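Each of the next two complexes has subunit A plus one more chain, namely subunit B in the first and subunit C in the second.
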Partner chain A sequence: MSRTAYASATGRRSRVLGWAARAGAADYGTVFTWKTWLLGWFVRMLAQVLFFATIGHLLGPGQARYLLVGNAVALVTLHGVFASASTTWELQYGTLPLLVASPTSPTLVLVGRSLFWLPDGVACGLGALLILGPTAGLHPTAVSLALIPALLVLVAVTSYCLGLFLGSLVLTAVDLRNVVSNAAFTVMLIVCGPEVPSGAVGPVLARLGQVLPLTHGLLAVREVLAGRADAHTAALAGWETLIGACWLAAALAVLGLRARRSRRDGAALFLD
Partner chain B sequence: MSLLAAAGRFQGRLVLTHRDYLIDLVRTPLLAAVFLLLIRHNDRPDLLANGLLAPVLMGVWSMAMLISGEVVDNDRWLGTLELQIAAPADFARVVLSRVWVTTVISLLTVLEVAAVAVLGFGTVPHVPHPGVFAMALLATAVATAGTATLMAALFVATRTARTFQNSLSYPVLLLGGVFAPLDRLPEWTHPVGRLIYLSWSSDLLRDALTPAPVTSVAWRTSTILGLGLLTGALGRLLLGRVVRLVRENGTVGLR
Partner chain C sequence: MTDGTNGRPGDTRPGDGEPAVETTGLRREYRTRRGPAVVALDDVSVTVERGEVHGLLGPNGAGKSTLMKILSTVLLPTAGSGRVLGHDLATEHRRIRPLLGIVFGGERGLYPRLTARQNMRYWAALYGLTGREGAVRSDALLDELGLAERADDRVETFSVGMRQRLHLARGIVGDPRVLLLDEPTNGLDPLAARQLRELIRRLAGEGRTVLLATHDLAEAEALCDRVTMINHGRVVAAEAPKTLARLVTHQERVRVRAEEPLLALVRALPGVLGVEPDDDGTALVTVEDKESVGRVLAFVVERGVTEVRTELPGLEEVYLRLVHRDETRSVVNR
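After this line comes the complex of A and B, so read on.
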């Protein structure tokens, strides 16, 4: 492919992604206004972090801070994993057959249509750290204020990739969308380190945590907040990126496979 | 009685066959593992009652909001609301029966959490005051059904209430003291928290799981029941009003 043709194809893909993201954001806009988001959704998210931080106060010294940071970052993951639910909305709305029939890759649209979760998740996670942090003795420095948002964006993206993969599996099982996303998130609470260090869950579950998003990103956030940001933190961020890329590749493979199969057998509905 | 059985059979089949409704029955054992892990890791066996009760109350509350709360609204989606309103059976009684069945199903979480404690953590839950525990659980079920009836009416009466449906989880669970008692929160939260039946339920259920004598059982149980019956009565009143309004306006099937 010539350089011009390649640039043109990339531009077209970006446009499709952009339109898919705008359509998804429009979906979300019908659910919340900024007032209902702030007073409803955001307050609910803060309450979730506060719920666990209060448990930390009961458990013993240092636990409130551990649980506050863990659950604030886990909020970012929660939003990313919600992509599994919103990926299935296309089937619910009856637009999936149109996507399959269109000349554009449906995979590209499905990758872009849930991107609205990313800023939402980062806002909730960062808001929880900044607003509730002082209640657990957390006072971010200038360095951490610069690095934490970047790490939260990274965790949001890697979690989104996992959410896309899960969404690709339940694309036609619409009534499983919330079960899968919530079960996956709760498993991540166990094995990825927001509640207890991954070493406390045994070697098998700890190994599972190592291949999931959030684990390395959360460790990096904890290092930054402890004032120990160094090459090891960068390595953790690198691992988080690599794991996210693997989940994205898996999601693209499954979505592509299902789209091809759907076109081949004529159903064009992603139905099994 | 036949109405209760028929509504119960319908709702039972709906909950157990609609897989999205199983979300809390799937999530509760996992949440139990989270709390028991926290207790084991921090070596705080004295908080075992908190760890066992929290996932149960979270599951019961969540199912009340997500399933019972949507009973009427879902009927609108399914197109069965018109038929129910046209039927000679009292609509509010049908809704209440369905809410009750959902609440009973949500109590399966007690067995799930016990199973996780025994099989996953080798801990056999001990109930030093079984009578108090059973009574508190029953009162909690009544209060849950009452609150869920109010929510079912509210969610269909105003779209704004539905927008806040998801937000009724952790803020209520926090103020309801399902893990950390309400006393651990700042004092200004107590008046609001005490209006939530969960704060009374969680305190009483926790006391029933600890060896110390339980005080003021009758008063505390009555408070749970009183709050539940009050919200239930409000819910029934609101349901009647909603039905009358949609009949008068001719908007039964319209959202």
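After this line comes the complex of A and C, so read on.
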């Protein structure tokens, strides 16, 4: 046998994360080409935002802007939550037992394999704000043009963490993957503030909104677009980050628990 | 061979005296929601010495895959214990994993949208190789397994045989000390199967231990130093392949392509115990000793028969006889 060079733990993790992301992107590449993404998916996303903005025009002054911003940022969240569905793609390839038997944690692969949703979601959300914003009186300043992409990336990441958590729950229940992602997104549309302010849905649902991604990030976006970027905005971004970290921790905990349990009881996860 | 000084994750170079694989009284039950637990393995004790090519034989459902999963650390035994290269299967799985190469049967287990080269580098990263080392080993293995020309094609465009070769390449990209192979020649054409067997032989020649689960006794005979036969989750026998065949019969066999009335003449030869014609136009001549084999061979060749060979019992016969013996023994012991 030849002498083999092994990478440091950090180098190994970053390389595995990169390859997992590449494998996920390759899967996504079979769904869309650049043309079909731009003329199909992106236009469809813009139409969705425009639909709500049009309703806002009918509702009264300021409502179009409220709904346009809310639904544009919600698009970012939608893509992040889609991670719950694409996480299960790993199971379909029969690679999980081999990943579990490898020296690297399969959790790292599951974290990386749906990362392609992040640039997709940010592109859709940012595109909607920039292209459709002027129809609702939105004229971003230089400061907001600098801050909004960063906040959208933050919302994408925190929503992705929630998506990972949901994906870890339905990892072996492939039939539920789209149900769960759609149900979660619908709940977020109601309680996180893209359609109506959180306070309008009652205290219980409002509290639920406080522990979900999107709520604080969206408020921060609204403040930046209103020209009020200040310490409060930074605090909102901080809360969004904290909530995302909590969902990521929950996802990792569930994945770890499932791996240990599967090894013990031979559950379907690793016995396909 | 990696000697533990170049940073293999978890590599501590356990005692050289210990076998590559050793299980003692291994038992694995699967709980079912309704009904009693299903016993997949029962009191399985197997020892595989370092550098040995060891076959795991048995029909579907015998427990081979369950044993492979336990040895590959993805499943815990319900009872009993096991060690791989001196590391405990239950508690030291993190130390074992970098030392194993695993090739489970079937077409799944690869990323179909990635190219063969990308798959290899991905798995090289998973086994902790540096980017450069992963690239070098991937290219070398793809070349060795005849996949270099298709290295940049997506795996989804590969035939079953090509995927199987890529599976093996993936399994050894991490420079494993112990290889667990589950039906690695399934779906391969004869030439590709032979190339794969040559590669397995070469890997064993490098000092790696190979545990090969297969249905094919000819393959086991060609590759394995010893085989363990499993039936209903229990070890029925563990011997060298030829010894295993001799366990079930001490008679010699000659297969000839011949028809009546020649077969009637063969029947009448001294030392011939029986002649059984088969549907494929051949007949199995059972004789009592090696001297009789020579007599039969000379007799049929003199009469123009060109297709003639000696043979051992097939896997099915060995299995049936050993199982029958095993079950008879169980009844007697009750």
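Methods note: the second predicted complex is superposed on the first by the 258 of 272 C-alpha atoms of A that agree within 3 Å, B and C clash if a C-alpha of one lies under 4 Å from a C-alpha of the other, contacts with A are read in each partner's own complex, and residues count from 1 in each chain.
Definition applied: contacts are C-beta pairs under 8 Å (C-beta built on N, C-alpha and C of every residue); 3 or more make two chains touch, one makes a residue touch a chain.
Only a predicted model underlies this, so the values are computations on that prediction, with no experimental measurement involved.
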Touching partner for A:263 - first (subunit B), second (subunit C), both, neither: second
Which superposed partner A:200 touches (first subunit B, second subunit C, both, neither): first
Partner chain in contact with A:44 - subunit B first, subunit C second, else both or neither: first
First, second, both or neither for A:99, with subunit B first and subunit C second: second
Partner chain in contact with A:4 - subunit B first, subunit C second, else both or neither: second
First, second, both or neither for A:30, with subunit B first and subunit C second: second
Partner chain(s) touched by A:177 [first = subunit B, second = subunit C, both, neither]: first
Common ground on subunit A, meaning residues reached by subunit C in one complex and by subunit B in the other: none
Footprint of subunit B on subunit A - complex, ascending: 31-32, 36, 40-41, 43-45, 47-48, 50-51, 54-55, 57-60, 63, 173, 175-179, 182-183, 186-187, 189-190, 195-197, 200-201
Partner subunit C, residues of subunit A touching it in the complex: 1-9, 11-12, 15-16, 18-20, 22-23, 26-27, 29-30, 93-95, 97-104, 109, 262-266, 270-272
Subunit A contact footprint on subunit B (complex, rising order): 18-20, 22-23, 26-27, 30-31, 33-35, 37-42, 44, 47, 50, 160, 163-164, 166-167, 169-171, 173-174, 179-180, 184-185
Of subunit C, residues touching subunit A in the complex: 1-3, 6-10, 28, 30-31, 69, 72-76, 94, 97-98, 100, 102, 104, 106, 108-114, 118, 121-123, 125-133, 137, 174-175, 177, 206-208
